[in-house]
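Below, chain A partners chain B and then partners chain C, in two separate complexes.
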Partner chain A sequence: MMQMTPIPMTIVQTLVMALIQIIAILAFIFVLVPMLTFAERKVIGYVQVRLGATRIAGGNRGLTGAVNKLMWWMGHFPVISFFRGLPIFMADGLKLVTKEDIMPAKADKFVFWLAPILCMVPAFAVFAAVTFYPGVLGVFPAWFPIVGGLPVTGYMTDINVGLLYILGLASVGVYGIVLGAWASNSKYPLLGGLRSAAQVISYEVPLTLSLLAPVILTGSLNFRTMSVDLATKMTPWAIIPLFIGFFAYLTCGFAETNRVPFDLAEAESELVSGFHTEYTGMKFGWFFLSEYTNMIVVSALATAFFLGGHYLLPFGLQQFVPASAGWIAQPHLIFFIGKIGFLLFVFLWVRATLPRYRYDQLMSVGWKYFIPLTLVNLFIAGLVRFMA
Partner chain B sequence: MFKNEEMEINLGPQHPSTHGVLRVKLRLDGETIKHCYPVIGYLHRGVEKICENKTFFQGQVWTDRMDYVAAVSNNLGWAEAVEKLMGISVPRRARYVRTLLTELNRISSHLLWLGTHAMDIGAMTVFLYAFREREEILDIFEAFCGARLTTTAFRIGGLRDDIPPGFEAKVRAFQDRFLACVDEYEELLTENRIWKKRTVGVAPISAEDCIAMGVTGPVLRAAGVAYDIRKAFPYAAYSEMQFDVPTRMEADTYARYQVRLEEMKQSHRIVQQCMDGLPEGAVMAKLPKILKSEVNEVYHAIEAPKGELGYYLVGEKGGVNPYRFHVRGPSFVNLQALPMMTEGKLLADVIAAIGTLDVVLGEVDR
Partner chain C sequence: MSLLRTLIPFDIYNGLKLTGRYFGRNFFSANRKKVKANLKHITVEYPEVPIHLAPRFRGRLQMLRDEQGEIKCICCLACERICPTQVITIEKDKKEGRKLPFPKVYTFEMERCIFCEFCVEACGYDSIILNHQFELAAYDREDFSHGTEGAFQNMFKPTPIGTFSVAGDDDANAPHY
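After this line comes the complex of A and B, so read on.
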């Protein structure tokens, strides 16, 4: 683990460095989300004994025709054929951007615009405090303008209330859903918005409580410190609160992101599309993007705090790997991304498997089971910390 | 200070889970149903009146278009009702083939129900698993009569043609696979906690209420009444078949799910018996070129996948078409129970109740 020695930077250098990191993270999200939609088609397709997407809309002529012919040709080869539908994510994005933007006549125009933004901005801003790698990823070559010769860290900020910042921003997202539902001036969105408000608010409590276990274990709110300490510096007993906390957190994370089996806010078979029924085009696209970005955020937090983050082994088991083990004893960006990928797969897998809870059952599960469970877990975490 | 109002909401006629064009007017207090009023008729074509102006042979084509997911059952009901009206007796081999196809149709209808019902409750994978097997059954229908959905499978007096070559192998291949497939659906749903939470105790209707409302079929049997027309008033070749009538006492959505799954297994059993005991001989009775009825009236009911499907026919002297034709459609009658099942429950339960009633709007509206 590299120790950070702060290198003096001018304000301009700091800003440029931050800008580069922001662009890198945004690129990461804007690549990962479309890939995730593609993976969703494919994973669910294979679970459901079908192929998933293999073509894009369009005929045999022109650009789409060329792409479709290429994909037909790809179908002849075993592994390559899996990636046949890949161009569909570009087609999807293009469709969202170019679609006619319809607004209900009696909608509240300002709030109708504001809601998708309120959903999307916090989802992206959360990444400012996420540590992708707890050290220096590389150094800019000396010829690079302004920031030449400076190291690039695997995180944007190293604030000591990182987790608090993340939780605070994440709870702003629900306003987007509720306001969007209300501003549509339509009945199904209204029901969806009310469901979502109740659901997100009730699951925020166990979600936060389950994240408090790692906070107690490490005594820190700094994302980088927490993720490193949780992987390497725990007593063996810490596996109990981390294990319970992981499942509680992941379940509440499903509820927070409105995914199956807690997708009541947009329950297709009940509320048509729930809160975004009246949204079209890119305004719907922002809701969509924020939902998938939130999935990445939930996966990233679960990875960092429970699954050993940048290290190989989850639940604090990394300490048993001797430092002499070489490559696997070191933190790696690829471990972090890989675990996020696995958790995202779990999201899709669950979607293909489970039915949906009913509204009252969802509430009772949240208040009667998860809050007591996470409170007990918090107590266990305190006990482990006390013994250590 | 705050105005407390009930919200009126139209579930349908265009809605993902009203199975076609059913419109349910709901008055909601929060998410609780205060009042539920099904509005039907969006698919009304006047099938009964049309059939009165068609010959007996032509009328059968219209029965396909009522319950379009169980067209073979509808055909069987029509053919047998007309045969009863005319006093025609059907060769034994034809009756066996009819039984076989009708039971396959029951499986395919139940598969469609299972898929859409599970989809409504949110389990999307079962839908495609069920459709995989349904596809095979539709292929069998296609091999038999060239059509997949609107089959017009039978003729009055028997069958138009005997079973084609290769048909038996196709059915046997399906038979060998099917029970394992049912286990697959059960693995996904039967012990699934969320599935049980969404179905156990949901949309109950007691046996007394069922009888009072005229509800038949799996819904009635899930309330503990072992009424199955195949046993009570055997038709086709059912008197020669060994099968059980599954019942449950719980009368809820989960019980209906269990009853229908068990019925699929029993249908599988009947198909097996039909295949094994298929008699030789002719498949068509001797009929005149033009069928003319006497003054007579018949009511003939069969056990369609959704319940009692009754055809009421009145013939006039020398008539080539029925003087009066009336259908007692199981979907139509069962739908009456929807308000009883859902009032005071939650919005999500209405979706489950529409699914568990298994209505086909083509038959409700006719």
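After this line comes the complex of A and C, so read on.
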């Protein structure tokens, strides 16, 4: 993809355009996260030979009764029946918003407030550098008030150090966990926070090392350039480092987001609920939201750098598709979103499959296996780059 | 060798394969049409779809009548004697036009019943059964007393049950017991 020539815009136009893109991305997150919680119930239910949520509370009369009858009727059809119980995600959100906000008496008030914000803001801010589509999504019609005739790009910013920005912000998120754990002034959150700190620091290294292989292969840190080049301009040998790097990155991503099987920060069988034991109501909701947003971020990065990004085929296989192949050879927003969706399903799938690692196993897997593996992978990537 | 097994996680692959197979099977069969077509279905949607009970399921004690509408029980007291928790109380009586004795009072206190079916086995005249009713929860303790007299004349029919199903009329045809 060529470098875009910037279109001259006034400051107001730039701000409005940025605002539109921010709202679009926030809408994307705020739709996807509740859907993800719902999908988590259903996917794990199906894996465990249950149906998951199929109805909402309230009996068989009135509004809830009508909703329940509708959902019962939906059960007649094969795939539509998956969406029975969909209103439960509204109930989830309402519960979080309306719940009483309790703070421990001896908690550090300011830090207790700060921690969820520190957790959530980086998770959202990362999306500023994520390229959803490497080009123009559409043009506003000329009659539109301020931004008429201007193109909407599939990315918010096109900074040259996009990957560095993402990695930097992603490691700020652990401060939220540690500070929240410390500010709760309680033993279980503290243990969870300490574990989380050790875990995130350990896995930050192989995570970054596995992302360095694409950086070496493309010679760029720009998100858009990297994702397009990795899909289309690789030598066939680049499949090997991308393939190994994908699994290494995905595993470290599981550890980074504190998901099963690396959810030692909130091991509910050992620490009550880990770092957010003392959090209730919407403050807990921000932690929750940031965890799921981090899952989306990890999926987006894995998609863009290893699974071919906006193109159809993963691991650089897209280069074998001739440019004359029609829509298969073209980038599309649907491919990107679909791959994110698949990776999010993998998150739930793994949660339904694997038990939690012991703490020493977690550390030894991180330091003894993943760091050497990603270093070897980095060497292979350098070799591929050198040969090409 | 151990290093290789760690690097190539076959165990994780096998686990994911198993759960993925279950997910796929249940994702595409999770609807009620499959129940009626007698295909394999993942679970019972109990309040809406009636549960399939085994023929020898032991539910609530119920008295039977013969073709003329007469109570089959002849007050031999076998059930009362064999009952381990002594929940059955029978009072004999005579009735016009009936040669055999007639149970004036037959009280069954379900709150202590252990559903062992000894009474039905002891009965030589097939006059009582344990029916297929298992939704026996009640709000009132007196609802657990069943008899043939007064307010408790419900030894002959199943206990009325509340409606708590969201299913439509087409699903309400099948009885729950």
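Assume the second predicted complex is superposed on the first by the 376 of 388 C-alpha atoms of A that agree within 3 Å, B and C clash if a C-alpha of one lies under 4 Å from a C-alpha of the other, contacts with A are read in each partner's own complex, and residues count from 1 in each chain.
The working rule: contacts are C-beta pairs under 8 Å (C-beta built on N, C-alpha and C of every residue); 3 or more make two chains touch, one makes a residue touch a chain.
Since we're looking at a predicted model, the values are computed, not measured.
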Would you sort A:78 into first (chain B), second (chain C), both or neither based on which partner it touches? second
Considering only touches as defined above, state whether A:49 meets chain B (first), chain C (second), both or neither. both
Touching A:352 in the superposition: chain B (first), chain C (second), both, neither? both
Report for A:360: first if it touches chain B alone, second if chain C alone, otherwise both or neither. first
Tell me the contact category for A:187 with respect to chain B and chain C: first, second, both or neither. first
Identify the partner contact of A:272: answer first if only chain B is touched, second if only chain C is, both if each is, neither if none is. first
Is A:159 contacted by the first partner chain B, the second partner chain C, both or neither? neither
Touched partner set for A:111, first chain B, second chain C, both or neither: neither
Should A:260 be classified as contacting the first partner (chain B), the second (chain C), both, or neither? first
Residues of chain A that sit at the chain B interface in one complex and at the chain C interface in the other, please. 47-50, 352-354
What does chain C use to touch chain A in their complex? 6-7, 12, 15-16, 18-20, 22-23, 26-33, 42-43, 45, 48, 163-168
Would you tell me which residues of chain A are touching chain C in their complex? 43, 46-51, 54-55, 59-60, 65, 68-69, 71-73, 75-79, 81-82, 349-350, 352-354, 365, 369, 373
Report the residues of chain B in contact with chain A in the complex, numbered from low to high. 7, 9, 15-17, 28, 31, 118-125, 127-129, 132, 188-189, 192, 194-195, 197-198, 346-349, 351
If we count contacts the way the header does, which residues on chain A are in touch with chain B in the complex? 44, 47-50, 187-188, 191, 195, 260-261, 263, 267-270, 272, 351-361
